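In what follows, chain A forms one complex with chain B and a second complex with chain C.
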Partner chain A sequence: MEAIKTKIDLTRQGRLPAEGDREAVFEARGVSVFYGDQRAIDNVNIDIYRRLITAIIGPSGCGKSTFIRTLNRMTDLVPSARLTGELRYRGIDLYGPRVDAVEVRRRIGMVFQKPNPFPKSIYDNVAYGLRILGMKKDLGERVEKALRAAALWDEVKDRLKDSALGLSGGQQQRLCIARAIAVEPEVILLDEPASALDPIATSAIEDLMHELKRDYTLVIVTHNMQQAARVADMTAFFGLDVSPDGNRQGVLVEYDETEKIFTNPSDKRTEGYVTGRFG
Partner chain B sequence: METSHGDESSAFERTRSRLDRLGDPALKAITFVAAALAVTALVQITYELIKGSRLAFHRFGFGFLTSQTWDTIHNQFGALSLIFGTAITAILAIVIAAPLAVAIALFLTELAPKPVRALLGALVEMLAAIPSVILGLWGILILGPFVQNQLEPFLGSTLGFLPFFRGQTSPTGILTATLVLTIMVVPIVASVTRELFMTVPPELREGALALGATRWEMVRGVLLPAARPGILAAVALGFGRAVGEAMAVLMVIGSQIGIHLSLFGHSDTLAARIAGQYNGASTNLQTSSLVYLATILLVISLAVNIGAQLLIRPIDRRPRRQRIALDRALETQGMSAD
Partner chain C sequence: MRELYTTELEELESLLREEGKLVDRAIRGALNVLERDDLELADELIAFDDEIDRRYLTIEQRIPSLLARQTPVAGELRLVLAILYINLHLERIADYCVTVAKLAKLAHGLPRDRAVLEALEEMGERCREMLGTGLEYFYARDFTDSQALVEMDRPIDRANRKLIDRLIALGPDESQREWAMRMMLASRCLERIGDHAVDIGEQAAYLVRGRFEEFTDASHKPPRATT
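Take a look at the complex of A and B:
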């Protein structure tokens, strides 16, 4: 707990811009997501700010992953999924009729819970996105830059042609981050990026997130509250709500600066969760 | 009472019934016999084939492989024309079938709506279940006339400048046999490939799509490479099937000796010749020559099968594992240092 406090104190010392200086990248207004008839998340209103780390925490089944997947339209891959409400990215309606999901994903990258390197060489993993996007100029340099940014370069520079599957789990996850940043997205979404990793690899990923914050807007889903407290500037707490018709759905309970969420939450449910009384 | 504390070694003394204790050795024995039977069958068949072909081998030697003759009147036999017929029909069939099968598998795993997938998948598997004699019959009744009246005239008029598409049109021949084989091979390759695609983790697809890949880019860049060794093995499996098919081919190929480029012409394959002539063989030498053909067929089939097995087996398994272990050790050290 002491460590968490220190981290939060650091945040307080001026790293987090004042409320008025924050620039919203995503604006969700009344966003609900349905899988078939089942409502997964209900009426979410949230602003996600530029070049900050926003953590989404909450108990299992509260729609954290569903919500983060709406941000780059990965929800489209589930045929029965449907979104209502409005989700704007830099003022553009992400689910508007003229928006192409493929284009969205090119600008809003994603890293998944389980490291998922392609069964290719380390180099080709990072080059994959660049190649499909036609960014073939200075391919080698771009790959190196991405690997450096993901703090992986020194470990792999002598074996770029080796299979990525030979890397350790932590290295694989950093490779996936390198793959995501290689195509120069504006936002990186991380869906429980460290839940399959050991503590050492986890801390490497967390350090990396602090580095990446300088250039990218980061959104991380995590079920690990300490992790949220360590890395995030803003924290959104999702909870489970049972509506009168018996439907269990995720709702945004509270969204505030991380420090506030963990030390002085305004909602009883948040307090119960962060102090470990339920969830 | 004494056993509980007094004598420690007796605590784990065998108290199970005799029958219970018999289970493990019995399982071992039964499975061993089953495995041994499979090996014995293979060895026995090989032995019999070699024995049966001895007469023909003494007479023709390896020259059998390079002779085109198959003359029952003068008792001169050679396999070359049949090897040619086998190779051309099987190769053409697999060349047509492989892309078709991969396309079907892709449709069934990636593109078709969920309810359609199961139904269509089952139908494709059922295609594989059609007995080959029925396919042969269909070849004679439906496919043959179509080939003669529509397909071959069309190919002749559009691609007739190539030697493959010249000559007398006919309901039977290499083209008809190839198409029948294609229909037999497609479901085999498609169902194996479909299984392969389903084993590719969904995370890989998501990873590609999250980078802004279109579905096609995902298929080409991730799915196909991930499944490639398996697809090659599936294709080899289908090829083996096409090489060994006797009945359906016998019914539609025209059973003629000779090597020619025209796909419209008649030909014959190793398997079809054996099936067609064995019962009516008039001399011991002819019988022995047919067994010699069978030996050649077996060698080809085994070679294809071994090739397929080599393709599926990862080549550098052990070194890679060692590398991973080494990496882990290095990484942990490097990390704990800072």
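Take a look at the complex of A and C:
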């Protein structure tokens, strides 16, 4: 009998590129971060893949934010912070002596929990980074492109000269994403980008992330497990480890495809956390 | 909230256990109806299905609510899905028992054949055993011996084939033809019950292993056991 033709590929499991087809953008090997003598995260080994959304989940104090900040050298801004181990970005040692932290942050943008637009016009917020970096050619076009990519253009196109502070929280957050996108980064780091937003604005940000992954690699720290389950391709679970000397440090417990983490995690600690039994 | 959620999951499983026990009684009832050609018992068995349906419907209604409110994940998600499917299988088994009772009513008073009745009894007992094993895998979260269920299903299939041969042999005898045809359908019902029991075992395996696999496949030959 002739097989029934189907538009859906029945041989494919999940929606992700197969393991061998994933391209690692970040490669962390034995990465530990210290604040003074305190170890905040210990011995993290992880590959973060290009044009996928990777979620970092875990209980408070497990080093999620510390870890994401190491990815664009934001930890440099904390005087007592120190990193050991190796963190490569597209094969280059991110903490190598000749790497310019400002250039790193242009290529690897960041969006924070609380929308933090500058007290300037909507237009100037997006143009700000471009001007600083001397990307002044076709400025108006670049601003429009970034606002379109952040799904904000239609809402603000008639009031670009208005203050950004007059936008709603959700719009402000999308403006911050537009600002991050404007300088044409390769990676966007998002630290709890929707935790201060209502469900509709949250949904808009999640849809936007899904759109953005066509062109960017996204890493998101989130406390909202359902958000991780909804948006992320890969999920990393960080847990808290108490060493014999009483130091509490974050460790990477499990890292796998999101579907696996939420249907059949390998580690009991992950299962406990995602089901809410503890953590 | 966590406590309430745990209680709800436990209640679902308790309901399923109750349903499982009732379904076992229904199979036993169906076998008794066949054996004794008892009209009254047949009606009782048909009415008894309401008891099973009540549990089936309660589980069926509670699950969407639980999914919506508690969004279970990981092992708990698999547990809820396993309960959802096992519930469905139990309900189907109960319906087959009702069909057997109805067939027995239609065949009431017709001349019977001892060998056929014995084969049906044998098939039915095997079905009960399989259902018990499948459910036990689930309750114990243990599926180490998935082949045991498949092995148990083989005598059912064999008995079913033998029985059909016997029934065909009875066919030319007009006085027994109607009864034989009714029993052929009853035999088919019992055979299906065995298949549902295997499916229940598969759900237990899914719960423990985290991935779904069929123990047997209707369109391919099952792997021969090495003896």
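Here is the rule we go by: the second predicted complex is superposed on the first by the 264 of 279 C-alpha atoms of A that agree within 3 Å, B and C clash if a C-alpha of one lies under 4 Å from a C-alpha of the other, contacts with A are read in each partner's own complex, and residues count from 1 in each chain.
Just so it is clear, a contact is a pair of C-beta atoms (placed from the backbone, for glycine too) under 8 Å apart; a residue touches a chain by one contact, two chains touch by 3 or more.
What you see is a predicted model; the values in this text were computed from it and never measured.
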*Looking at the overlay on chain A, is there a clash between chain B and chain C, or do the two fit?*
fit
*asked:* Which partner chains sit in contact with A:Q38 here, chain B, chain C, both or neither? Use first/second/both/neither.
replied: neither
*Based on the superposed arrangement, let me know which partner A:I200 touches: chain B (first), chain C (second), both, or neither?*
first
*Looking at the overlay, what does A:T84 touch: chain B (first), chain C (second), both, or neither?*
neither
_In the superposed model, which partner reaches more residues of chain A, chain B or chain C?_
B
*Now for A:V102: first (chain B), second (chain C), both, or neither, which partner does it touch?*
first
_Quick one: is A:F262 in contact with chain B, with chain C, with both, or with neither? Answer first, second, both or neither._
second
*For A:F118, decide between first (touching chain B), second (touching chain C), both and neither.*
first
*Calculate the angle at chain A, using C-alpha centres, between the directions toward chain B and chain C; round to the nearest 10 degrees.*
140
*Is A:S243 in contact with chain B, with chain C, with both, or with neither (first, second, both, neither)?*
neither
*Between chain B and chain C, what is the shortest CA distance in the superposition, whole Å?*
20
*Could you tell me which stretches of chain A are touched by chain B in one complex and by chain C in the other?*
none
*Note which residues of chain B are touching chain A in the complex, please.*
113-114, 201, 203-204, 206-214, 217, 221-222, 225-226, 320, 323-324, 327-328, 331-332, 334-336
*asked:* Show me the residue ranges of chain A that touch chain B in the complex, using the header's touch definition.
replied: 72, 74, 77, 79, 102-103, 105-107, 109-110, 112, 114, 116-120, 128-129, 131-133, 155, 162-163, 165-168, 170-171, 176, 179-180, 183, 200-201, 203-204
_Applying the document's contact rule, which stretches of chain C touch chain A when the two form their complex?_
2, 5, 71-78, 210-211
*In their shared complex, at which residues does chain A touch chain C?*
225-226, 229, 261-265, 270-271, 274-277
